[in-house]
Amino acid sequence: MVPDSRPMSYSRGEITTFVMPHMQNVLGDLFGGHLMALVDQAAAVAAIRHAGGPAVTKSIDRLDFHHPIPVGALATCYATVDYVGNSSMDITVEVFSERVSTGDREHTHTARVVFVAIDQHRKPVRVPRLVPETPEEFARFDTARLRYEARRRR
Amino acid sequence: MVPDSRPMSYSRGEITTFVMPHMQNVLGDLFGGHLMALVDQAAAVAAIRHAGGPAVTKSIDRLDFHHPIPVGALATCYATVDYVGNSSMDITVEVFSERVSTGDREHTHTARVVFVAIDQHRKPVRVPRLVPETPEEFARFDTARLRYEARRRR
Amino acid sequence: MVPDSRPMSYSRGEITTFVMPHMQNVLGDLFGGHLMALVDQAAAVAAIRHAGGPAVTKSIDRLDFHHPIPVGALATCYATVDYVGNSSMDITVEVFSERVSTGDREHTHTARVVFVAIDQHRKPVRVPRLVPETPEEFARFDTARLRYEARRRR
Amino acid sequence: MVPDSRPMSYSRGEITTFVMPHMQNVLGDLFGGHLMALVDQAAAVAAIRHAGGPAVTKSIDRLDFHHPIPVGALATCYATVDYVGNSSMDITVEVFSERVSTGDREHTHTARVVFVAIDQHRKPVRVPRLVPETPEEFARFDTARLRYEARRRR
Amino acid sequence: MVPDSRPMSYSRGEITTFVMPHMQNVLGDLFGGHLMALVDQAAAVAAIRHAGGPAVTKSIDRLDFHHPIPVGALATCYATVDYVGNSSMDITVEVFSERVSTGDREHTHTARVVFVAIDQHRKPVRVPRLVPETPEEFARFDTARLRYEARRRR
Amino acid sequence: MVPDSRPMSYSRGEITTFVMPHMQNVLGDLFGGHLMALVDQAAAVAAIRHAGGPAVTKSIDRLDFHHPIPVGALATCYATVDYVGNSSMDITVEVFSERVSTGDREHTHTARVVFVAIDQHRKPVRVPRLVPETPEEFARFDTARLRYEARRRR
């Protein structure tokens, strides 16, 4: 059974992959489309974990490319559910690139993604309430609520 | 030589592909990450065409998933450069899914993407001015300028 | 319902993709096998559109490699149904490579492909008659009929 | 050093792969484009072996799809160089599908492919003479010469 | 019907592929994970052939990387069933890299893999007895039995 | 500069991916070859981290398939360097499958992999000494030494 509420920390998700040569663009960096696929997977982990069932991408609110990720780097996407509506979930994905041999890490991308929980007929279903517990989580919750409300006004 | 200005119609770009089974998510539709890769490629066509040289993804301002695209459909992404700054280009990508056997088409996704023109050292370079010519192009230009200015205020 | 006949212009199909690094052969150009896959997809668009239902590759009558397509180019395949038998469709696919930054285009490949319309049990089914309307279409129709008849004599 | 002539049997080539689910078309069989990629690889083995250096696809003279290959089958492509010009090589590729659990095999495709030997500047280079040795090889040689001569007349 | 026993030579399997650029690691050689996938496919051919039905990987007992395989080489994996238990099959896969233009071949990898035959409910099923017939086959059989027995003692 | 020694905890590595439909075998589970590629990537993270430079797969000492991983599951590979020689590193990779919607996890695979640190000419280079610090790390260290020594006796 899916509970009525879940702590924010419950649904953290992570996708990690080596950037292999077949993932490169013509400039020799991770192809932007491939990066987006990793972001989408990481967000899906957090969304499905919070919802306790299937969920699909509803929108990307923003995705900022701060730095390219070179071939050979380790790319890690961290996803957190920051705010929820009835069936929607506001998710942040932060992407880091690591040069494994030295441990040098760089924050390369930030994404704000919205997923919707669905049932087996692909109808939206209610998700558990989201419970922030730490100051950092309350801050993320409040910021995401602003994005959520701005989106609803549009 | 890259000219000082280009008409808006010059840089229209298009990416078209059949949705093959290997592109599906666990629900049997086009995987969201793969859709984003197609969107990114279409935007790159328009950006490189307008800039007359290499360009890289700077951000996704929005990407809305209106409808899923089923396996077997034809997916087409239409990209237009709608506004430009010094080196940035505001690009809209509209995605359509077509059931080829019947010709039924559906507007499935809308994306607002920002690319930046770069030189061989990956430094931003100036792009040609963008010249709208039809009422529809002027409308797109004005709307994109609002997005551009809102983004600069953030 | 599939009509008794269709104008030749109805079924035009197009597949467009950026040639990404993962598609290259050891010489740094688009791998011939990958090119063939794009040609097959473009022909499938035209075939399914004309037939109004599923269709499968029956043969490649010819495929000429005029020029290689470099990584980073935009490859576009244009397919037209040029002649039809009871269930077979003679399709021409012309492939163009474009250097997007300059707009330079080159005609790189020409393919003559035959598809067969099938029903749900994979049995051949009758396709609509093909109606050429312009002088250029009549010319394509006549040329394709010669190929069709030569094939039947073999 | 590349010799002046090579026996026909020297350059036989073979590509064998399991048909994995990611290679399927929407009908659940090996995608035609993927089959063509395997055919091209097998022909490349024979061409490079005979030429003793790089070679590229010049044309497909014919490729007949006799039967589909289901997912889970073992697909094997056998390639032989059947005739050579100065720098061109006429190659036949026969494709077989095997249901490995029973050993049932089916001849599914026949392809006639032309490759051209090239040097490091991609200029055509002379290939060794081709020496048939058995009655079956002489028959293949004579049939391929007819195709070669018909192609030159066009 | 699957027979009570099969000669060792019956189940020999082979997978052959060109090493394409998309298969490379950051050092420009065949990615180790891709090599393992080819080894697994070759072992599956031998296992399914001997069992006369589906079989799944149970373990890799050893896989030694003697030499890297460069991009552009032809990689061939030869698999033999060397020993069988009730439902398990001890399989050896030898991998060779060939520079096709010169015919130079190198023995690059040796793998010892164990597969288990399964029925439609994924339960292990009995496989035919394995009958060595030549001195070389008897030697392989005896060596594999030692590995089998050592594994059972662990 | 690479230090003389590193604590065991320094080099822990992790690869995490959703099992997408294109990764499946004909039974609908994660293809064994694809699993091995993930294992190899996870081991490479740990190896390169400990060595502070490039490292290549030398052998798989064992890889046990305890359970299949279904499509749609989240697969995570945890890698630790457990013992080192002059230039070799004994690495353990534990693979877990998680049904994200419920959080149910299963330990599916265990691998023992050996990597070798190399310099830019691909010659083996000395790696830092490995320093276990907790009782659990000492236990892993001792077990791995037995494997290392058994391997050297062969």
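By letter and in written order, the chains are A, B, C, D, E and F; residue numbering begins at 1 in each of them.
Please note the rule applied: a residue touches a chain if its C-beta (ideal position, glycine included) is under 8 Å from a C-beta of that chain, and two chains touch if they have at least 3 such contacts.
Owing to the predicted nature of the structure, the values given are computational and were not obtained by experimental measurement.
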Which contact partners do chain A and chain E have in common?
C, F
Measuring between mean CA coordinates, which chain is farthest from chain D?
A
Compute the centre of every chain as the mean of its C-alpha atoms, then state which one is farthest from the centre of chain E.
B
Where the CA atoms of chain A average out and where those of chain B average out, how many Å apart are those spots?
22
Chain centre separation (chain C, chain E; CA means) in Å
40
Touching two or more other chains, which residues of chain F qualify?
21-22, 26, 31, 41, 44, 54
For this structure, give each pair of chains that are touching.
A-B, A-C, A-E, A-F, B-C, B-D, B-F, C-D, C-E, D-E, D-F, E-F
Give every residue of chain B touching chain C within the complex, in rising order.
13-18, 41, 44-45, 48-49, 51-54, 74, 100-103
Interface residues, chain C side, partner chain A - complex
20-22, 71-72
Over in the complex, which chain F residues touch chain E? Could you list them?
26-27, 31-34, 36-41, 44, 54, 56-65, 68, 111, 122
Footprint of chain C on chain A - complex, ascending
21-26, 31
